[in-house]
Each structure stands twice: as C-alpha cells, then as structure tokens.
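Letters A, B and C mark the chains in the order given here, with residues in each chain numbered from 1 onward.
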C-alpha cells in the first residue's frame, strides 16, 4: 500500500515536471522565433544589411548607408511590431479564456472596435494626435467594455450574453465609424482606412514608451492573475468553489485587456485578428502544459512582425500588416468555428 | 371542436393591418414633404401630377424615388429577416448579423476593382450572389457539428465572417484610390441616390422574392415546430427551407445592391410584429414587410432631419435604432437558450 | 477527525432578479453526515445548494459557517473548508486527469507560493480514494461518464475541504455508475468524516444513502430529518404530488417509495 502511494506520488510529480519542462521548452522556442523575426525585420528589406552592421547600428555606431535604413526605418518598425503584437496576443487570450470561447476575442466582440472608433473620432473630428489619441481611446475603450459588461449583467454576467451584446455594440460602433469616414475628406479617408486596418508604417521609436508602460502595467496585472484566469477555464462555478473571485478576476481581465488593446490600437490601429489568432495557436502548442498568456503574447509578436514583412516585401503591392493578418486569419477562423461547433469545446 | 382564439392584444389582426397601412401612407407623405427644403401643399400636389415648375416641386420630384425605394427596400428587408428567423428558428437571424451585407459589399468591390464593372445592372447580380453565398456559408458553418445552430454560434459565425470579409474588402480597396470613394459611399447604406431606373432594375428580383415567400408562409408554420415534427406533419422540410432561404437571400441581396448595407431592419421588425400578431407566419410575413417599410421611412426621414442641411444615411440610423434593440432581445432571452 | 465545521442557513431568502425562489429557509446541516436535498422539479433544490456554496448571494438572511457569514468571508480561505462540485463543470480541452485533479489545490496557493509535497500527497490521496489513479495520464475528454464524475469528485477532494456540496452528481449516469458514485461519497464520509450535502433526483437512492433528508416544496423546506421521518406517504404526496406506498427497502432497511399511479399491468406474464 505504502509503495502504491509512493508510485502514485512519483507519477504525479513526473507529470507535473513534464508539463513544466514542455512549457519552458516551448517558451524558449517561441522566444527564438521572435528574435529571428526581429532580426529579419532589421536586416532584410529592399536591401540586405549584414548582421554585424545591424549590431553596430544598434550599438550606436554610425555606419554609412545602414544607419538610416536600420536605425530610422527598420528598428522602430520592428520594436513597435514586437510590442503591439505582444499586447494584442496577451489581451486576446485573456478574453478568450475568460469567456471560454476562442471566438470571443476582443476584435470580434466589440472591444477593439470601441477603441478604434474612439481613435478615428479623435483623429478626424477632434484633430488630436499622439498621446492624446491613445489616452482618449483607452478611456473610450474602457467605457465601451464597461457598458458591454454592464448590459450583459443580469443574475451575474453570463459569458454568452456578454459575447452577443458585444457583437451588437460593435455593429453599432462600426456603423458610426463608417459615418465618420464618410464625413472625412477623401485623402483623410484613405489614410484612415489604412489606419483602421492596422499598420506599422508610421512607427516611431518614441511610441515604444507608452506601449512598454502598458505592457508592464496591464500585462503584469494579467500575469499576476494567471492562476485565477486559468481556473476560469473550468467554468465560473468551479472556479468560484476553488476560491477564485470570479467577478474581480473578470474585471481585471477586462481592464487590462482593454488597456493593452487601446494603447496598441492607438498607435498602429487594430491589427486584424492578432488578438484572435494568438490564443488558439498558443493553445495548440502549449496544450495543457501551463499558462497561455506569455506564449500567446510571443505568438502575437511573431504574427505582427511576419505579417508586416509579408505585406511589405512579398506581395505585389504594399499592404499594411492588418490586411495580411486579416487574410491569414480568415481560413483559420473558419476552421476554428467548425472545430468549436463540432466539439462544443472551450479554447 | 375547440375554436382557436385569433385575438391577441387589444385589436384584431385585420384592424392592426389597416392601422399599419395608414401609418405607412402617412409616413410616405411625410417623406415627400420633409427635407432640406420646405415645400408647400400646392408644390407637393403639383409635383405628384408631374409638374416641375418651382424649386419646391423639383425637390419633391427628387424625393419621390427615394420614398418608393425606402418602402420597397424596407419591406424586402423586414420580410427577409422574418423568413430567416423562421427558417433558422433563431431569434438573432438578420441579414446584417449573418454578414450578408458585408458579403454583398465584398463581391461588389471585387467587381468594381478587378472586372471594371460599374454598371448597376451587373453589380446587382454580384451583390445578390455575394449575399447568397455569405448567407449560406454562415448558416452552413454555424450548423456544422453537434446540436442545432444556437443564436450564439450563429452570431459569432456571422461576426467572424464579416470581420474576415471586411479585411479582404480593405485589401482590395486600399491600393485603388479610384474606387475607394465609391466603395465607401456604397457601404454607408442609403436610399438618397435612388432613381426609378435603379429601382426598376431590382424590382424583378424583389417580386420573385415576395412571391416565393407568399408560397412558403404557411409551410413555415409547421417548420417552427422542429424539422422532425414538420416532417411528421407531411411537410417537405428541405424544400420549404430552400425556398424560404432563396427568397430571403434574393430580397436582402437585391436591396443591398441598390441601397448598400442596411442592418437591423430584418432583426427589429419581425420581433416587434411577433409581439403584435403572434407567431402565425402568414400574418407575420405581411406585417414584417409593412413594418420594415415604415421603419426605413422613419430612419430616412430622421436622417434628413437631425443633420440638416446634410443627411445621415439610413444605414447609420437603423444601426443606432437597431443595436439597442438587439441588446434588448439578448437580455430578454434566457441564457440556456442562447 | 478534528473539530467539525458547522453550516447553518439562517432565514435565507434568495433567487434571481426576476423572482424570489427561496423563502425564509432555516436549517442546520448536520456535521459529519450525508444530507440529500429532494423535491419536485423547480422547487429550488439547486438554488438552495448554490446559495449554500456562495455562488448565489441571498437577498435576506445568511449562510453561517462556524458562525461567520460565508458571503463576506475571503473566498480563498472559504474554499479550503467548503467545496462544491457544480452540475456541469467544464474540463479544459485535452487536460489530463492528473492535471485536473491538481487544480483542486488552487485555494491552498497564494500569489507566489510554490507547489509542495503536501499538494502532491493531497492529489495522490484524492486519486486513491476515487480509484482513479490508473487514469492519471489519460485525457478527461476520453473518459466514460462515470469515470469523469469520479475524476471531478477527486478534484473536489484534492481541495481537502471538510464540507462538500454536490449538485446532482448522478445525473447523466446509468444505474451502475450512480451507485458507484454514491458508494464513493459514503466511503468518503466514513473515512474522512466529510460533511456531504447533495441534490438528488432519485428518491430511493437518496433515502438509502443519506443520513438526513431535506424535502423542499415551492422554495421552502417542507420536512427535514432522517429518511424514516421524511419519506412517508403524506410527505411524498405533498412534495411530489404522488400517491405512493412506502415499504422497507429489503437491501438496506431504508424506507422505499413505490409509486401507485393509475395503471397497473393488465395481463399477467
């Protein structure tokens, strides 16, 4: 009997060790991928810059020819892509886990469109720019998220209702955006359209600061709640009986995700489907070997950098990254809908 | 033999029908009379007789086609929504939620950009095709797998498909400055640019749609009890469903082709009508058509009034009326049924 | 066993926003015993259990655990004493049994605390008790209904609470698996002294497996006490609207309900 218990114990321990070592291993691989994408963005473009030259530029040396291309064109692009991708990836997966539905990512249920509409409004009507656009869209995004939450609150906020109401609100907001665009002058409109589909074309290095702050603040908040968020995957009732304060956790998830999305979207526009795609991809890779938030952030970063690279150099005309991720996301989305319906399953 | 009671609420259905009809006529009249320019009675009467002597009469003559279009399009959308809700037994079925509008828009934009199609005749077909394919696609993917397609699966499939399609649309439009303006104004959804010629173009499609819906109305009543029961009652389920779908798609596709995407009419109106006349489809479809026409007229008039001297397009107005209504429906439903 | 925890429902009125379901419920849950809540459909059984497990906040009155209201207590701390197995818990896709059961240790961990030997032992013990050790590395999705229910109970056990509430743990199970689950609960009650409260549909099983019964009718407690006191022809008639004949269960001696109904078999075999 005693032996038996010991055997069980070691099996449990083994399973746990295996899970965590798989997780660590995958994180390392993902980090390497991110670094690879980052260095490709830095060294490969219209012209090739050798890694040593790139390194010299990064260390602050003045390399004729390379300094401008790498330091002014490619570096801001790479840095902003990385940070925005991480923000979207983390925010998306947190929402998907919270609502136990991979289709319930912020870009589908209206949170993203809320921040977008606010930003469009700020740019076109209020003539704002830079930090004030970001601030305005964070506040509006939060307001939209809170009103979706409040509207779906009835005998407790049911996830299903939250998703549906999100879709309704987002339909309303989108028609508002269409209206705003129609009032804008033609040049603004094309510019706004480009911006609406998400692009890192106008990335500048100083924009990295707000992104970094929001990642540390909101991302950190999400990470500190990893365990509670994970417990939500077993249903609200089970989570609550395990001592998770479901309401508090929900509010934390909503606030930090909206924060991450709004700051990101105010700089690059809502890059289509990054928030939506990262979580399920992370899920496929990680399975149940650990938390999904960090992996999903890394995958988001990869998606944005690769999508941007494809849109820049591999297609006939130059497309903003959001169009590429949108097109990449579509087939996956259909696959996901079919799969979710078949299994009736969660993320 | 037990006699079933017809009456539900304070008025009988025929009386309600008459009242609705009167409201519709009154709205038509307001739509002709109200606008940026104030017109007198004489001018309205004159214009209706075909005179075009004063500025006022000219303005009224301009308002005639848009009024007709609002009536036709509104009734088509209301009817199409009622049909879709009956066929799918799904309270959230609506051309907008299904992504039909975006599907039509996508096809039209492709036609504009790649095939140089700029004639209304050709892109009516494209819009109907796009609407039809998207509607069937969304319904198909939401009904794959276990269980019936719940409103949740349905709305998510529609929203997700719309998101994907609009991203494709942007991809097509972005490199083409020349078509961006046209595509954008079309996407607003409006009846303002209507001419009798353009209405004539889609009228055949709409008439076929109306006729087909009249044929299936009664059969849809048995379908409401579930496929198995309907089959047990001797109804050809697949046939009924197919015809109803086809007519719904024709109606909303043709409407979308001339008006651009107009959301929520097909969602709001059937629900309101159901409160009024109950679930008998023979009545419901008629009321939904009339109600849709009224709503679209109201939206058009409202759009003209609130942002004078410019206009707010109907698509925007219906979204702002419809979305709160959508939320109300969702809140009313019990969570389990979602 | 150490000091038993006291769960007292004090003048409880609860429900959902549109309507009140429970009215003025007063009852003490007997510590260390198995209590079943029975009643007709929609009489408030599940609502009572949900209120008891703080999933639902009452309008009036309170649920007292050792004299303190559970709706004000810190959730994590409470979750170390009071466990609940909801009616339809959701297993994350592809999760293994070992992983799922380990998640029952959630309330014993703070923000930073690391997994310890105690945790492993609790999980091992839960697996042993529910005889699911063999399933350790299997995925929850691929288990049979009975196995899956045992695994969920194992998760609740790993939580190591002195009180365990279960909402219809036997629905969707066939007779053999129902018995298996109930036997498991009795063993748990006997070996660990766990106080168990469950909602049960099957009257005869409730009567056989419980120390105490709570019979509910229209949101109120109609009768409570030992099965012998509660399962009588009168009470069954009032609570379920069913005419019946009560005999003594030939296997366990507990009272057993034989419904009378209007039709009997017409032809003899």
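One rule holds in what follows: a residue touches a chain if its C-beta (ideal position, glycine included) is under 8 Å from a C-beta of that chain, and two chains touch if they have at least 3 such contacts.
A quick map from chain label to UniProt name: A = Iron ABC transporter permease; B = Iron chelate uptake ABC transporter family permease subunit; C = ABC transporter ATP-binding protein.
This is a predicted model, so every value here is computed, not measured.
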**Contacts common to chain A (Iron ABC transporter permease) and chain B (chain labels)** = none
**Complete:** Greatest Cα-centre separation from chain A (Iron ABC transporter permease) belongs to chain C
**Asked** Taking each chain's centre as the mean position of its Cα atoms, how many Å separate chain A (Iron ABC transporter permease) from chain B?
**Response** 35
**Complete:** Whole-Å distance, C-alpha centre of chain B to that of chain C, is 51
**Request:** Indicate the whole-number Å distance between the mean C-alpha point of chain A (Iron ABC transporter permease) and the mean C-alpha point of chain C.
**Result:** 41
**Prompt:** What positions in chain A (Iron ABC transporter permease) touch 2 or more of the other chains?
**Reply:** 154, 343
**Asked** Can you list the residues on chain A (Iron ABC transporter permease) that touch chain B in the complex?
**Response** 101, 103-104, 107-109, 151-152, 154, 158, 160-161, 163-165, 167-172, 174-176, 178-179, 181-182, 186, 189-190, 193-194, 196-197, 272-273, 317, 319-320, 322-323, 326-327, 329-330, 333-334, 337-338, 340-344
**Message:** Per the contact definition, I'd like the list of chain C residues that touch chain A (Iron ABC transporter permease) in the complex.
**Reply:** 16-17, 50, 53-55, 75-80, 82-96, 98-100, 102-104, 106-107, 109, 111, 115, 120-121, 123-125, 127-128, 133, 136-137, 156, 159
**Prompt:** For the complex, which residues does chain A (Iron ABC transporter permease) have touching chain C?
**Reply:** 4-5, 8-9, 11-13, 15-16, 19, 100, 154-155, 224, 227, 230-231, 233-235, 237-238, 240-245, 283, 287-288, 343, 345-347
**Prompt:** Which positions of chain B touch chain A (Iron ABC transporter permease) when the two form their complex?
**Reply:** 92, 96-97, 141-147, 151-153, 155-157, 159-161, 163-165, 167-168, 170-171, 173-175, 177, 180-181, 184-185, 187-189, 263-264, 312-313, 315-316, 319-320, 322-324, 326-327, 330-331, 335, 338
